[in-house]
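Heads up, the next two complexes both have chain A, just with different partners, chain B and then chain C.
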Partner chain A sequence: MSFKTFKIDDMDLSAAEDDTILQVAREHDIFIPTLCFLEGLSPVGACRLCLVEIKGSSKLVPACVTQVQEGMEVLTNSERLQKYRRMVIEMLFSEGNHICAVCVSNGHCDLQYLAQRLGVDHNELPYLHQQKPVDASHYRFAIDHNRCVLCTRCVRVCDEIEGAHTWDVMSHGIDSQVITDLMQPWGDSETCTSCGKCIQVCPTGALFKKSKAVAEMVKEHEFLPYLKTMRETK
Partner chain B sequence: MTLDELIPFAESELEEREQYEHEIHVCVSSSCHSSNSEAIKDAIQAEIDAKGMSKTCRVKGVGCMGICAAGPMVAVDPDGVLYEQITPDHAADIVATIDKSPDERLSHPTDTPFFNRQFKIVLENAGKIDPNSIQDYIAADGYTALYKVLNEVMPKGVISRMMRSGLRGRGGAGYPAGLKWSTVAKAKGERKFVICNGDEGDPGAFMDRSIMEADPHRILEGMAIAAYAVGADQGYIYVRAEYPLAIKRLKNAIRQAKKLGFLGDNIFDTPFSFNVDIRLGAGAFVCGEETALIASVEGGRGNPRPRPPYPAAYGLWGYPTLINNAETLANVPSIMRHGAGWFSAIGTEGSKGTKVFALSGRVKNIGLIEVPMGITLREIIFDIGGGIPDGKKFKAVQTGGPSGGCIPEEYLDMPVEYESLKELGSIMGSGGMIVMDETSSMVDVAKYFMEFSMSESCGKCIPCRVGTRQMHDLLDRISKGMGTTHDLHQLEELCDMVQATSLCGLGQSAPNPVVSTLRYFRHEYLELLTDYDPDAAVAADETSEVTQ
Partner chain C sequence: MAQQISINPVTRIEGHAHISIQLNDAGEVDDAHFHVTQLRGFEKLCEGRPFREMPSLTARVCGICPVSHLIASAKACDELLAVRIPETAIKLRKILNLAQMVQSHALSFFYLSAPDFLLGMDSDPAKRNIFGILEREPEMARGGIRLRQFGQQLIETLAGKRIHPAWVVPGGVNEPLTPEKRDAILAGIPEAKATTQRTLEWFKSILGDYREEISAFANFSTMFMGLVGPDNTLEFYDGQLRMMDAGGNIINPNIPPYEYQDYIGEAAEEWSYLKSPYYRPVGYPDGLYRVGPLARLNIAERAGTPLADAEMEEFKQLSLQERMSSFYFHYARLIEILHGIERIEELLHAPDILDPRVQATASANSPEGVGISEAPRGTLIHHYRIDTQGIMTWANLIIATGNNNLAMDRGVAQAAKHFVKGEKIEEGMLNRVEAVIRAFDPCLSCSTHAVGQMPLHIELLSPDGAVVDQVQR
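This part shows the complex of A and B:
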């Protein structure tokens, strides 16, 4: 295997050639915000929060899918990036309904954490006030589409890990929505195995267990790398 | 089949043609077709039969003649007479004037700049040959380029010719075709594919449709040559389902080419085998983006994915894939036939050959034109286009559709080439060209395109999904006279952010119409703001001029 040497934020580093910028950064405790990325699922580069600058290029690249290159100098936290990241979070807040105080995930939510960490203390963008449905037809789980950030983590875990492919995305643009089967109520789904993996990977309070009250929905993010390791060593 | 067999094929067609003193060409492309031109064709045929002229005169359905707004069009060869706005009732009048002076009431002048300022490569057969006849294409030198390439040139030589020709992609971005071909040729893979991008989703664009409808074999020949050069054995033409006529003609062309052995196994008795199939798009603009298109051909949801890896390395089902626009591929047979030098002598330093534009909006001659690169916008709009109708003044010309921008009067003498259009804040794009006169509001124009991008966004990435909607809402507010300076500021911030952070070209270029209209027509925005202060604006203008 060949190795590459490069810099992230002025730190000299080396890594295997097919490592991504994000992998290396995480190994060295360099913070790059992510939302759609989840260790153990195929990366899709959709949320754009992990965009970083490469010195000498005006184009921003997503750290989660970009492999390191010899001599590359990565900047992870320029003012420009900070501003764009705050705008991404503001866009999500304007798109959905994220009233943390009444949410099952309050205190355990990736979106809430990112907003705090990235310094989003107010929202400049007008709220779109979309009225999206809640599907509580499943006997154990429910989805509140108003809290969905369309990261497709549920879609990928269901397809790639559980192999059920119950979830998918319907429609496009601002009308995009995750659906179960061919947009049947979740409770009527023939493919759902009720394994609950989607609940665990969902970064917000969009997917939750019915038994949870406000701020009680703690998700087990660690189960996925663990499951992968167990499957691989078997 | 060998070239020796190909030549008699062409000759028999040419001989047959010589038996006729006259040929009447009726346009049967989409625009005229929808005005019932098949019935016109039948009426003229019936009239000729009735007059007992069927031995000396034949009627032929042909592809687009370009001047669609005047259609349905009928041409009489070799008299060189062109008739416009024909109905089946005119059949007798047209047939009666054959060999005599043309019917003045119906004829359309042909010695105008609209015709003589154009330069045709990809449309050279459009309006001349019958798109349903492979013989017609062969008689026009069709498939000779493929024959020669397969028998006389190594794949490397083909690529070198493409490189030297200077042909750049006509699908929007203008990436050098030869370079792309050589990357795919070098990529390692058990299989390789060639895809012709005929999705053409820009509003108002119909360049690729016309080529596919008028001269489908040209696309097939271009694809086969490309496949030979890069080492592919299977090709797909991705056409939007809204183009039924193009699909029908392409299917027919594929069937004919297979029958004669120009597609299939051991083409022209060489080891080269290549098949082509058609895949239909469901009419989403974003499916024209290459990675989304590939996902769609694979049967998935047409969402773009991050690049790299580029399709050249990791394309259809993970195999190296060459994806070119339909017009790009349509140039290939001509380049192979006439040589790279011939092609690169046309156009400018950085932009070679010709470009097809769909000229529309507030201009007299609406239609499809093919012009040499380097021609000025003024020549296109005022000479070929005939200027602005109703005595109105020109205001701006929009190129590149929802990914492009508006160019004002003062830059009309700029040559049409990739770099200069980009410098002006627009792009060459795929060939949409919309002319606007003094009555159009530039804020409305920007809003129109943003509405398009918003409704065509695939929704995968946040900046485009939410950003286009937010920008659209702001433009809507401003255009209704309800916006403030703060709204305008926010709009500009969003433009910058969406451009820089979106995943694919749709989001990255969606702000362009706003940015370019703000650049040249900022005052139109300012005048609509509720807190607009003319004095402050003048002062700001002066300072900005000083700082510039």
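This part shows the complex of A and C:
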């Protein structure tokens, strides 16, 4: 395996050639916001929150799926990036109905954390969200589509780790939504094993345990990398 | 010429409202109304949401008494779960509810109403507020501020947040009490008690100066409604919903929670967005009743705690006629604060108060739930229906202040007829009309008015709507 040397925010670094910018940044405690990325799941580069600047290129690249290159100079926190990141969050708030105050995940939500950390204190975009239903047909779990940011973490964990592929995405643009099986009520799904992994990886209060009241839903996904290693070494 | 005076907005109350006073051709008050000018539509908002969101969602109805909504809502949700709530959780919820009552009553008494008693009904409105009291009677003002703080801090200690805590959940509360927290709360009790007792003594000593207000402040016979505990003691969390008639007779000792709609009707009047509840068996509008501190003290036979028991005995020496005056809401509030502090102390000393079993878990086992509790301002009812999956299909809330709507409206008319004379608007007389409303301590929304700002606008209108005279302060 060959190694590359490069810079992130003026810090001289080296890493294995197949490492991503995000991996290296995390190893060195350099903050890059992420939403769709989750350690243990395959990266999809969908949310665009992890965009970074490469000196000499006008194109921004997603750190979660971009491998390091010899001599590259990465900027993770330029003003341009800050602006785009805020815009991404604002668009999520425009598309979904995220009322933190009455959300099961209030205080434990990736989206809420990112909004605060990135300084989103107001929204300049018009609110475009329509009222979406809550599917509470499963005996233990429920999904509130109003709070889904379409990161597809649930889809991937269900497919890649549990192997059930109950979740998928349908439709386009603002009408997109995650579905169970062929858009049946979750409670009627024949493939769902009720393992609850999707609940734990969901970054917002979209997927939750029905037994939880406001602010009670704390997600745990530390199990994921271990599960993945176990599966791979079997 | 017939004219109309309007007081808009009414100051030093929670929320937005205005008062209109109609003069007849002779320049005497013909009629007056209390208008609530906001509409919030919370019930509709609840539909389609998981029922477990209800405590936090409905608590947003109000930033002054969110805890009351938390309690009534959680009780309605408990019914949906159809399980037994752990004893310790009930005690903890009771403490929280009482703390809310103490802080809310302290706000009403010291911040909103005491300026009238201490500085005088006719004093300069620019100074007639808590800052004016701070100048004149710093001891009293500080005591009041500290007392409110006691309640607020208790809420924060128990529930983690002062304004919108999420600690009360369907099935109980989500964290047990620790010995440290218990001791921290207990440490504040002696001072809170002493302040309340001192204020009570002072208030009783000045009652004589307010004979006129007592007789004309919404002083009419009405029914009273409120919860009572075992042995007819004061109760805020549970108990029997009781209706007393104007003669002091209990006409309904125990309105069954699920049948409240058979007893309480809600009329809509064109002069207000606030619905007017009335007692159905008597009909509308004669079925007018009052709730809140005065109602509770009239209905309960005793407080159930020693110091408040003695105060209540003294209160009960007053004739029934006197006890009908809404001016005594203030008196009742102080007695309730005293009782609340005593009860909090007692509950904190309960042997099982630190028990870690504080939440029963279950799914949506029942299609319908009713939760009734006493908010600082009176009886509060939350009523929910859900589908088999636990999604809300319907909600009905009867808010404490709403229960008093008809009485406030009639009280305004009574005070206006008594105090407003002729076409010239005088500051003191209008303040008295407003003070009637303040005696009920209505909470019309989730916002308080900024202290010191008194945007009162009074207009005299001729029948064709032309402004004949106006006063702005």
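Here is the rule we go by: the second predicted complex is superposed on the first by the 227 of 234 C-alpha atoms of A that agree within 3 Å, B and C clash if a C-alpha of one lies under 4 Å from a C-alpha of the other, contacts with A are read in each partner's own complex, and residues count from 1 in each chain.
Note that in this section a residue touches a chain if its C-beta (ideal position, glycine included) is under 8 Å from a C-beta of that chain, and two chains touch if they have at least 3 such contacts.
A quick note: this is a predicted structure, and the numbers were derived from the prediction, not measured.
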{"item": "Joint occupancy of chain A by chain B and chain C, clash or fit", "value": "fit"}
{"item": "Chain B versus chain C as contact partner of A:Met72, first or second or both or neither", "value": "neither"}
{"item": "Touched partner set for A:Leu51, first chain B, second chain C, both or neither", "value": "first"}
{"item": "Which of chain B and chain C A:Leu38 touches, first, second, both or neither", "value": "neither"}
{"item": "Which of chain B and chain C A:Gly173 touches, first, second, both or neither", "value": "first"}
{"item": "Partner chain(s) touched by A:Glu95 [first = chain B, second = chain C, both, neither]", "value": "first"}
{"item": "Superposed model, chain A: greater residue contact from chain B or chain C", "value": "B"}
{"item": "First (chain B), second (chain C), both or neither touched by A:Tyr139", "value": "second"}
{"item": "Smallest distance from any CA atom of chain C to any CA atom of chain B, in Å, after fitting", "value": "25"}
{"item": "Touching residues on chain A, where the partner in the complex is chain C", "value": "101-102, 104, 106, 131, 133-134, 136-137, 139, 142, 144, 187, 210-216"}
{"item": "Touch list for chain B against partner chain A, complex", "value": "284, 286, 301, 305-306, 454-463, 465-470, 473, 490, 493-494, 497, 500-503"}
{"item": "In the complex with chain A, residue positions of chain C that touch it", "value": "48-50, 52-53, 55-57, 60, 164, 166, 169-170, 174, 361, 363, 389-391"}
{"item": "Of all residues in chain A, those that touch chain B in their complex", "value": "44-48, 51, 60, 62, 65-66, 80, 83-84, 87-88, 91-92, 94-95, 124-126, 128, 149-150, 168-169, 171-176"}
